[in-house]
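The structure that follows is given in the form of structure tokens.
In this document, chain identifiers A, B, C, D and E correspond to the written order of the chains, with residue numbering beginning at 1 in each.
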Amino acid sequence: MTRERVLYLMGGISAIWLVRNLYVMLLALPDEVEQGAIYRILFFHVPSWFTCFTGFFLAAVASGLYLKTKNSLWDTLAVASVEVGVAFTLVGLATGSIWARIIWGIWWTWDARLTWALITCLVYMGYLMLRGAFDDPTSRAKNAAVLCIFAFTSVVITFKAIDWWRTQHPGAVLSIRTGGGRIDPAMEQMIYQNWPALMLLAAVLVAIRMRQETMQRELEALRRRTHAF
Amino acid sequence: MKLLREVCVVAGKDLRSEFRTKECLNAALSFAIVILVLFSFAVDPSSEQIREMSGGLLWLAFAFAGALILNQSFARELPNDCLDALVASPVSAAALFLGKAAANWLLLMIVELVCLPVFGVLYNMSWLGQWPLLLLVFLLASWGVTVIGTMFSALTVNLRLRELMLPTLIYPMMIPALMAAMQLTTVLIATSGVPPEDWIWVRLLVGFDIIFTSLAIALAEVVLLG
Amino acid sequence: MKLLREVCVVAGKDLRSEFRTKECLNAALSFAIVILVLFSFAVDPSSEQIREMSGGLLWLAFAFAGALILNQSFARELPNDCLDALVASPVSAAALFLGKAAANWLLLMIVELVCLPVFGVLYNMSWLGQWPLLLLVFLLASWGVTVIGTMFSALTVNLRLRELMLPTLIYPMMIPALMAAMQLTTVLIATSGVPPEDWIWVRLLVGFDIIFTSLAIALAEVVLLG
Amino acid sequence: MTAVQANNLWKYYGDYPALRQISFQLETGQCLALLGRNGAGKTTLLRILAGLSRPQQGILRVLGRESRDPNSRASIGILGHGIALYEELSALENLKLFASLYGVADPEDRARRWLERTGLDTVSDSLVREFSRGMRQRLAIARAFLHEPVLLLLDEPFTSLDDRAIKLLQGLLGEALARRSTVILSTHQLREAMELSTHVALLHRGQLTFYGERPAEMLSDPTWLYRTHGES
Amino acid sequence: MTAVQANNLWKYYGDYPALRQISFQLETGQCLALLGRNGAGKTTLLRILAGLSRPQQGILRVLGRESRDPNSRASIGILGHGIALYEELSALENLKLFASLYGVADPEDRARRWLERTGLDTVSDSLVREFSRGMRQRLAIARAFLHEPVLLLLDEPFTSLDDRAIKLLQGLLGEALARRSTVILSTHQLREAMELSTHVALLHRGQLTFYGERPAEMLSDPTWLYRTHGES
């Protein structure tokens, strides 16, 4: 009961926070010189990539722990964070595509950053697919965990792509990566404001998915037990 | 009629075990995207030339997916000697072969129909203009590929015949069908209709399908029973 | 030493049973050749541009043919629950995994080395000028492909949709290795040496091989035993 | 009526004659126990009778027709070494599939009935992959009996069955014989087979060294036949 | 010395408990017959003892070591439902392979010796694909005994063996026990098992309902245990 309350509370906070951020973004911050109004998509584009990377990282760690302890709780955490991570990846892809359409005039181009972002998305969709293909929960958890650990390499490559290749996609802007100067502090501030809000939302979603997964597992157990030979 | 029913039962069985979880469509979808991403590394995707290769790339992807699907078709029957039970049942060898081929065909068509729009988006190409003809080409060419592939798959379970019919020759045998399909697909995507001189490719496809289907049906009993 | 001996025993077993039937090798080889022939229909083989795509085409063909070999790698153990006996034996999981990978590697190398001259003839390209370096690239890249493929072959053996699932899962993982191999092969075929800025690809290949081999060895026990 | 008539059958694997000069005749309603040591040729003979393999020489008539005639195949039930079940289908789906293949009128209903008879009704929706060996064998038995065959060809049907399942199978066989079906079974579990069989055949290195009604001695001493007619 | 010590083992498939609270202890030189109806959990237990599957709970020590310790694995011989032989390799090649895997000194010689002992020396160069079922089982037995294991885990080893092969296997087991090896075998052919076993365990729906020395009643009446300790 209290757990549920905490969840509602967190959800409420993140909702209010997001609304407040939207207000600041749309009404308080001025348009950017070169791009005009559309640059505001940055405030969702970048934090959602950060959020999905965090989710994938969490999933990789949880998978490692699952393989070590064989405790199915870790497995549940891994699926939940991958699922939420994939959702945010899709948000990132969508916002990026829309942005690209307006700035570059095309939806998609085979640029290293974009391609790797797509590959990452595919890899984690593969993870979910692999899970769906197993009937036996033990081997499902094990095999998915192994895949999840391998998969994280593509996240790393995606993250580093702008450093390794000359890309059409803009390079790093945040001052933690560049040492500052490439972005207006107010804009950067806004990214840092929106990120925790999205993270909070992600956390709520993960918690909900974990509950669902556990319940499904119990249901399956009941079914097997009533149908024992 | 009896034949048709039997074909459906056999095809239904294969499809059921493929579709058991809904993963099949997901797998086909991600597979399609993966292949198209791979292509983007091999050829320069932004060049103009890509338009003239569209049919080639698409059918390459299909040939590849096909090989994987077809390879498993009869191998699926090996584990518990399931093929014995099928061969011993009153179902005719032709029905069995056609049933398996039909299941493979459907799977291949699903992969193809999923690939096509994805290809269109990623490579910035429109294919809707001529879709009824395109569909026809897909249906015909896929059937040709499937019949030969299913035959190959059946050979792998029959050791004695495998030596004689040389699997190394069977894949190359698909080339005419694939060639025709590539040509037609490119034409249908790049231009706005099939020029008269290209109709010969359609005739080739139809001929190919008829010849190999009859051959396969005639040989089914021998190949399956040994 | 003990590890090496065990690896050899396992690899020897896989190779011996493969060479007895040649099922997989034939299929992969003929398939790779079909793909190369198809490319010549898909792209204009006489154009200058083809030279810049040579690496891409070759490695696409290898990746496709490789999937057939990798698919079979663990599937070979399914029939009589053979994997159980291997896992129960005192051989370490790492040795088992490396043995299987080594066998796949050799098979893939055979396919590649047969395809290369065929490619040269079909596309009128000479590849002999830089053959020692080319061989090195082939060895490194194939190993990377094989390690990932063998790992995932073990993960997917028990799946219905294995044939579709395996390539869908492995290709995105392999892309770094394939990309490097494509780049280097093109450079080695088209020009007469590796320009300094391309050595980074060699480093990438080596790094890729090391990282994934260690990961695979570390996880082998978990994957095989469950 | 004659259920099986075999005349001078020869079967070679390469140059090795796995069956030599097999001739016998079995009437409907009889139950033949096919005995013989490992590698004697029992499975080979059963596979030929089932139409799964062709003899190189000899004439074979099954249920009054050519072997491999679709009509005769529809009235044969087989159970081989491989259990011939699909691991990724459920028990019910497996039976339904074979019911449809044999053209049974209401596959679903028939399948459920046989699941019940073999005691598998509680696990009818589990995949065969999750079955224990005995459960698989039970399901394979259900598959063989499903279409009410007139001729049953069973290769070591008692394998890995527990005491209750053996009783069950013996009951099913008894019923089938009572309906004047014909049964040919090979087995090494002589005790279980002797209770039912009316006839006995002994294969020795591909040759039929004994064929006839079950000797009375075998009921109390199952290995009697091996000792008298098999080479020691 | 204690050969196997199991303490409160639980094994779930998904959330279905296939083994519940299994505890027992077996000394070296003893022979345990693992009995139970179809689906009771015998195979599951044997696979856990062999290190092929991990219990979710409980402590298991085999030959005084952790389960899955490479040293203990080297002294275990297993024979499962799947015979674990490669169809494309010959009998000799199969045995040589496993002899090498187990680090036997002269694989070729050892393999030939065991082919002879199991009566397969005449077909040593035939591919397993060409073997009859009984011949496969013999070869699998040879594989299990090949490296002179100290602990033998046999899952229905008598399956499809003819009378002579059963005698042979009983002889091999007797020898092994005389060498103070330990044997655990599951079977439904109680009569064959009872001659050797010193101990009996009865599994019922994943639980051990009986464990102890073989009751004298079982020699003459093998189903005694089922009637007294199994449900209904």
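In the analysis below, a contact is a pair of C-beta atoms (placed from the backbone, for glycine too) under 8 Å apart; a residue touches a chain by one contact, two chains touch by 3 or more.
Because the structure is predicted, anything quoted here is derived from the model rather than measured.
No other two chains have as many C-beta pairs in contact as B-C. Seen from the Cα centre of subunit B, the chain whose own Cα centre is farthest off is E. Chain centres here are C-alpha means, and the one lying farthest from subunit A is D.
Here the C-alpha atoms of subunit B line up with those of subunit C after a rotation of 175°, rounded in steps of 5.
With centres defined as mean CA coordinates, subunit D is found 59 Å away from subunit A. As a whole-number value, the distance joining the C-alpha centres of subunit A and subunit E reads 50 Å. Centre-to-centre separation between subunit A and subunit C, using Cα means, comes to 32 Å.
Chain geometry summary: the mean Cα position of subunit D and that of subunit E are 28 Å apart. In subunit A, the residues that reach two or more other chains under the touch definition are 119, 122, 126, 129, 133, 136, 138, 228-229. Listed for subunit D are residues 81, 88, 130, 132, 135, each touching two or more other chains.
Shared interface positions of subunit B, i.e. residues touching 2 or more other chains, are given as 17, 20, 23, 27, 30, 34, 37, 79. Those residues of subunit E that touch subunit C in the complex are listed here as 47, 50-54, 68, 70-71, 73-74, 76, 78, 80-89, 93, 97-98, 100-103, 127, 143. Within the complex formed with subunit A, the subunit E residues making contact are 12-16, 38-39, 54, 56, 205. On the subunit C side of its complex with subunit E, the touching residues are 2, 5-6, 9-10, 13, 16-17, 20-21, 79-82, 84-92, 225-226.
Contact residues on subunit A toward subunit E in their complex (touch as defined above): 70, 136-138, 217-218, 220-221, 224-225, 228-229.
On the subunit C side of its complex with subunit A, the touching residues are 148, 151-152, 155-156, 158-161, 165, 168-169, 172-173, 175-176, 211-212, 215, 219, 222-223, 226.
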